[in-house]
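Each of the next two complexes has chain A plus one more chain, namely chain B in the first and chain C in the second.
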Partner chain A sequence: MATHDNTEQVTDTTDEAVGWESKLRYFLNSDFVRSAPYWGIPFVLMSIAVYGGIGYNFAISFTDYEGLGTPDYSTLDLEMYTQALSSDAFISAAQNNLVLLVGFTTICLVLGLFLAVLLDHGIRFSEKFQTVYLLPMSLSFVVTAQLWLWMFNVESGILNLVVTTLGFNPVDWLGNPSIALGAVIFALIWQFSGYTMVVYLAGLQSIPDDQFEAARVDGASIIRTYLRIIVPQLKEASVSAAVVLMVFALKAFTFLYALVGRYRPPNGTDILATLMVRRAFKFGEWAYSAAIATMLLIMALGVIGPYLYYQYKQGSL
Partner chain B sequence: MSQPSSTGSFDVASLVEDVNLRRVAQYALVVFFLGFFLVPLETGIMTAIKTNESVARSLPFAPPVGEGFTLGNIQFALEQLSGSFFNSLIMSIPATIGSVLFGSMAAYGLTMVNWRAQMGMLMLFVVGVFVPYQAVLVPLARFWNNIFPLARMLEPMVASIPFFQGYHAELVPLVITHIAYGIPICTILFRSYYQSLPNSLVEAGKIDGASITKIYRRVILPISKPMFGVVFIYQFTQIYNEFLFAFTLVTGSDAPAAPVTLVLPAIGASTSGIDFGIRMSAAFLAAVPTLILYVAFAEQFAKGLRTEA
Partner chain C sequence: MVEHDSSDERVNRRKYLKALTVGAAAGIAGCTGGGGAETEGTESGSGDSSGSSGDDTETGGSSSGSTWDSQLEVLHGWAGGDGEAAVTALIEAFEEEYPEMDTNFQAVGASANVNLNATILRRLANNNPMSSFANWPGKNLERYSGALMDLEADVWDAEGFKDTMQSRAVELCKFNDKMPAVPIGSHRMNNLFYNTAVFEEAGIDASSLDSVDALLDALEAIDQNTDVTPMAQAMVAPWTNLQLWAQILTSQSGVEAYTNFIEGNPDRAAVVEALEALKTINENYITADASSISFTTAGQKVISGNAATIHQGNWVYGMFRADDSFNYKEQWDWIPFPGTEGIYFYHVDSIVAPSNNPSREETIAWQKFVGTKKAQIAFNNPKGSVPLRTDIDPSELTDFLAMTYEDLTDSEAYPPTIAHGLAVTPKTMGACKTAFGDNFMGPFKVEATADALVEAVSE
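Let's turn to the complex of A and B:
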């Protein structure tokens, strides 16, 4: 700020100097500099944490760092990446992650859209119902994991109560590796479909009512109106909700950890996030887990990169 | 509603019937999903207030009868959690205030003032919202444990504060971490609000010769009070509910500085299995702060979620 005084003194010298000095004065008085304390401090703090952290993680992933001590940066190679890509644990975690990502995102979107359409028209106290549907979103994954642990309980859980009442044998929801992931997806859908509903409702409310009127005058049924006219306009809401859900599916760790209270989630539900944390904090394989984390980050960027580009092109950023 | 009169009188009856049927089906579905979302919660509460015997003998969602009712589980869980409740609150409140304030400042700097390269910087903030935290866990652990062991440095100082113990110093790095990683989402939430404000507000201030700081304090802060409410509620819920950072920085569920979310997955567990009466009680106690906030400010919470997308 003290430089202000210097620029004030300049009156007339050579053209070049005037140009230079006035440029400096213009620069120092510009909104960029004057607003710097506002965006600057948060930006620096955030950048160190997010991008500094990512860079540091990236650097560690090329070393062989494990256990106690400090990372040795003298021999950098891709060993950890090749080791991860050729390990069965990584492959199966990646497969589970893909199933989780696709299954969870798709069902959440469909169910959320259905709930939004259900509550959009002709329901009294619609807001009260929305509040209840969204309630699981306000709970911690640690809490919802406990609730569902009880729901899935083999002897006295509600789900098995239903199953046995229908005349089937009780199911070991979380103990059977071939259905555990499905059970987890089900519980996560319970938590997240209220969220997609809210996003879709916001989209629905931005569609003018006369489109419904016009369709009705034309004699279109309500269901047809939604399918043909309304849903195609919800593309933007779908895309942004899908991005949030997919990124969540990539990093979902807390729910799986809290289900069992240990590093290894139920058999058949190990995903990249749980594998990474286990390798790092249980076994101290820092470099190896840093490599997994980097790949996880690249996948997340693969989801949000195109999204941001699309948003930027649309001018909606 | 005026449809019957406009379609003539000949099939009013069938039309009304049709509408009613659809209505009934619609309400039936609404109620079905009400059950879908509430049953896990209801079952949890009922289990929390039942004795172990009653849990074993009655249906999971049935309320306790007579002897089967107990507050013992809740009492026990409360004793187990009271210390970690305090940890959670003294961690969440400063972390929320910090990230909300920084977010508001950053959004103001980015939106209300025009300069080039804003878009690039904004992109960095947006990406920061979505980054999987796994990608920074190893650096975080190394930074706060080896490179800059702030908790150990602050321990004697924190111990001298009334009501605090030396181990509460472990929460300081956690607070800073939450502030830093909370900035992106808070910035994005505030930005969407500031963008909706008329430009003339800032322009008028500028013409009057007000400094950027003055415009922020006199114009922007007063009118963004509702948005502060939204972001505060959203961010407090996120930080209070968060697990992974606490898990990385405050190791172990038995650490004295552990927040509620860290303690909960270990409560009521023994070699003979999980005592679900205690576990459910603890889960509900852990959820109480965010549930109260949600019930009181559901609209603000929903708004936070909507704007995020």
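Let's turn to the complex of A and C:
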């Protein structure tokens, strides 16, 4: 006991004796500070460029900033948010965004899995097919948008050539508001299903052949083997592919903008990103657009958040 | 030894840290400093707008200098076709006149000024103005309210433009007691261009088309008697419907009904009647791919004989002319939009100067040049528009433009165009376009569009 007391006293006195200068020295000598030049600079740059931008956007969304001039931060309120949530344009854009998000991601995953399973069966020229399917992914949105604009053309597009050959009336793919979003999703699926295919293929190839053999020995059909044994093991691949696809769905602005060359996409395909850019850069409604941007960010976080949490639980983060 | 080493190291690290802190501090100071400068700049900008006396004294001192220190930076949207040819001619003429000036003319995108307007708005909001930019005058200038330079004394009075320009153009270049713009050319909006061979085949006498009903009958006759689509219409963007609707409204209910509409007293019955006629046209007489084509593609359909007529501003003239096998009075001809004879639906392109101008003297010289005969003739001939000066010799213009120019100088009425910024504020124009964009791109909802239009102008 006595010794213990003694030591404590000693440390106490040294602490006092050492004073703030030594403490500072200890602090400066710590790994945290010594490594600062390496992580600090990128951290500061990231903070300013990304999180500073988000913060500034957030601040502007509470003002009534509009047109030229400077934002007035003296009266901050949620007016822009309530205005957006009560506007039909915003609601329909959010709905379209949701349909795009769910429809595009689901179909891409299913189609990609299907293609991957086919290729995994060691069919002839499978590498070449793989390249063919993946190629659209490497094209820019600008290229694919123009390509599909021609494909969807009512009079000369190849899709309507097929439709009319089959004896139906030509379909106004992009002009009819109830079909336009489907047409856009179709084009995006064409571009991205190759990506999901590759992700799944990598997952499938990492599953040992023994499992297929064991299943066959047990008398399971191929469909049953896949549904019960193989697909459940592709959870990781599905999750990461789904997150990438969802983020692309939220960013579909590029595709829509390239499709028509203006901020107003075809009727029925307006999404939050196009609405936001239109309100901001066409009408100078900075605060309103900032509010839409914030809500778009929340949607994106809603997608990424669970994924990050999942990764964290798995211990890979 | 070891300790010594480490303390040495520590010193180095301290230096490092010190440098880092200083750097960071400088960075932060730089940011806030920039912010400070920005607010200051804007303040002086708004100071400019409230009092113009300061401007006058400044000019008196420096306008005599003939050497140019700053670069003249002009943004415009004429990135292709006839617009590009026109602006190139204008620039060449300017550089001939001012060979020593350092100039930077930038074409920002095409597609109906979408990119140009966004770039200008962004740069003005960031307090990074250019010397001047191309834009519509009139209510459109509302977009740049508080950030415009006053050219009244230095350009308008100095060159006597108020006497040589059309009075309507002079009025449109006034904005909040300032004159920030100089007009460069005018397009006529109430046109009906047609392919003569198709009209002949369908047995239509264009000069007999004097009302919307007559037009509808003619379109029906073309539909029945030929394989050609009666009308080309571009609906990739809503402004084409808006401007065609404005023509129909004016034709059916008169200039007064149109004027009342843009002034905020819409007659809903007249609005609906015009929409009904437009619906008939869009449902029966236009090409099937209208919803995904632009007006250039629509114009090409008239050239190729796939469509009989097109309603557009006379910028399509610039396009028709580019095709050597498609000539005025031979392969194509023109009438004023049926029922709008004697009216010149007014459109103006102008060059606008922002305040806080980075090159004051150069900008003034350039804006003066824009108003000269030489500039207006050089620009308008290739553009397919007509000069706004009243003292141009029509023989210097092409035949079609000489005719338009004569109409420009003596028509009965000059209603300003709604789809091109002159008649209503950018916000109202946006709401009118949205009215068509949301409700009138097929299916064509007359009542919903009428409600949205009435609400747009009544706001």
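Keep this in mind: the second predicted complex is superposed on the first by the 277 of 317 C-alpha atoms of A that agree within 3 Å, B and C clash if a C-alpha of one lies under 4 Å from a C-alpha of the other, contacts with A are read in each partner's own complex, and residues count from 1 in each chain.
Here is the rule we use: a residue touches a chain if its C-beta (ideal position, glycine included) is under 8 Å from a C-beta of that chain, and two chains touch if they have at least 3 such contacts.
Note that this is a predicted model, so its numbers are computed, not measured.
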Overlay on chain A: chain C relative to chain B, clash or fit: clash
First (chain B), second (chain C), both or neither touched by A:40: both
First, second, both or neither for A:70, with chain B first and chain C second: both
First (chain B), second (chain C), both or neither touched by A:267: second
Contacts of A:152 with chain B and chain C, given as first, second, both or neither: second
Superposition-derived comparison: chain B or chain C, residues of chain A touched: B
Partner chain in contact with A:286 - chain B first, chain C second, else both or neither: both
Partner chain(s) touched by A:161 [first = chain B, second = chain C, both, neither]: first
Touched partner set for A:175, first chain B, second chain C, both or neither: second
Touched partner set for A:26, first chain B, second chain C, both or neither: neither
Segment of chain C that clashes with chain B, given the candidates 207-215, 261-269 or 297-305: 297-305
Intersection of chain A interface sets (partners chain B, chain C): 34, 36-37, 40-41, 48, 70, 149, 153, 156, 260-261, 281, 286
Chain A-facing residues of chain B, complex: 22-23, 26-27, 29-30, 33-34, 36-41, 43-44, 47, 55-56, 59-61, 102-103, 105-106, 108-110, 112-116, 119, 121-128, 130-143, 146, 177, 179-181, 183-184, 187, 211-213, 216, 237, 240-244, 247-248, 251, 253, 261, 264-266, 269, 274, 276, 279-280, 282-284, 286-287, 290-291, 293-294, 298, 301-302, 305-306, 308-309
Touching residues (chain side chain A, partner chain C) in the complex: 25, 28-29, 33-34, 36-37, 40-41, 44, 48, 67-70, 89, 149, 152-156, 170, 172, 174-177, 260-264, 266-267, 281-284, 286
List of chain A residues in touch with chain B within their complex: 30-32, 34-43, 45-54, 56-57, 60, 70, 115, 118-119, 122-123, 129-151, 153, 156-158, 161, 190, 194-195, 198-199, 202, 222, 237, 240-241, 243-244, 247, 250-251, 253-254, 257-258, 260-261, 272-273, 276-277, 280-281, 286, 289-290, 292-294, 296-297, 300-301, 303-304, 308, 312, 317
Chain C residues within the chain A interface of the complex: 10, 13-14, 16-17, 20, 24, 27, 31, 38-39, 42, 46, 111-112, 114, 117-118, 121-122, 124-125, 143-147, 235-238, 287-292, 294, 426-427, 430, 434, 437-438, 441-442
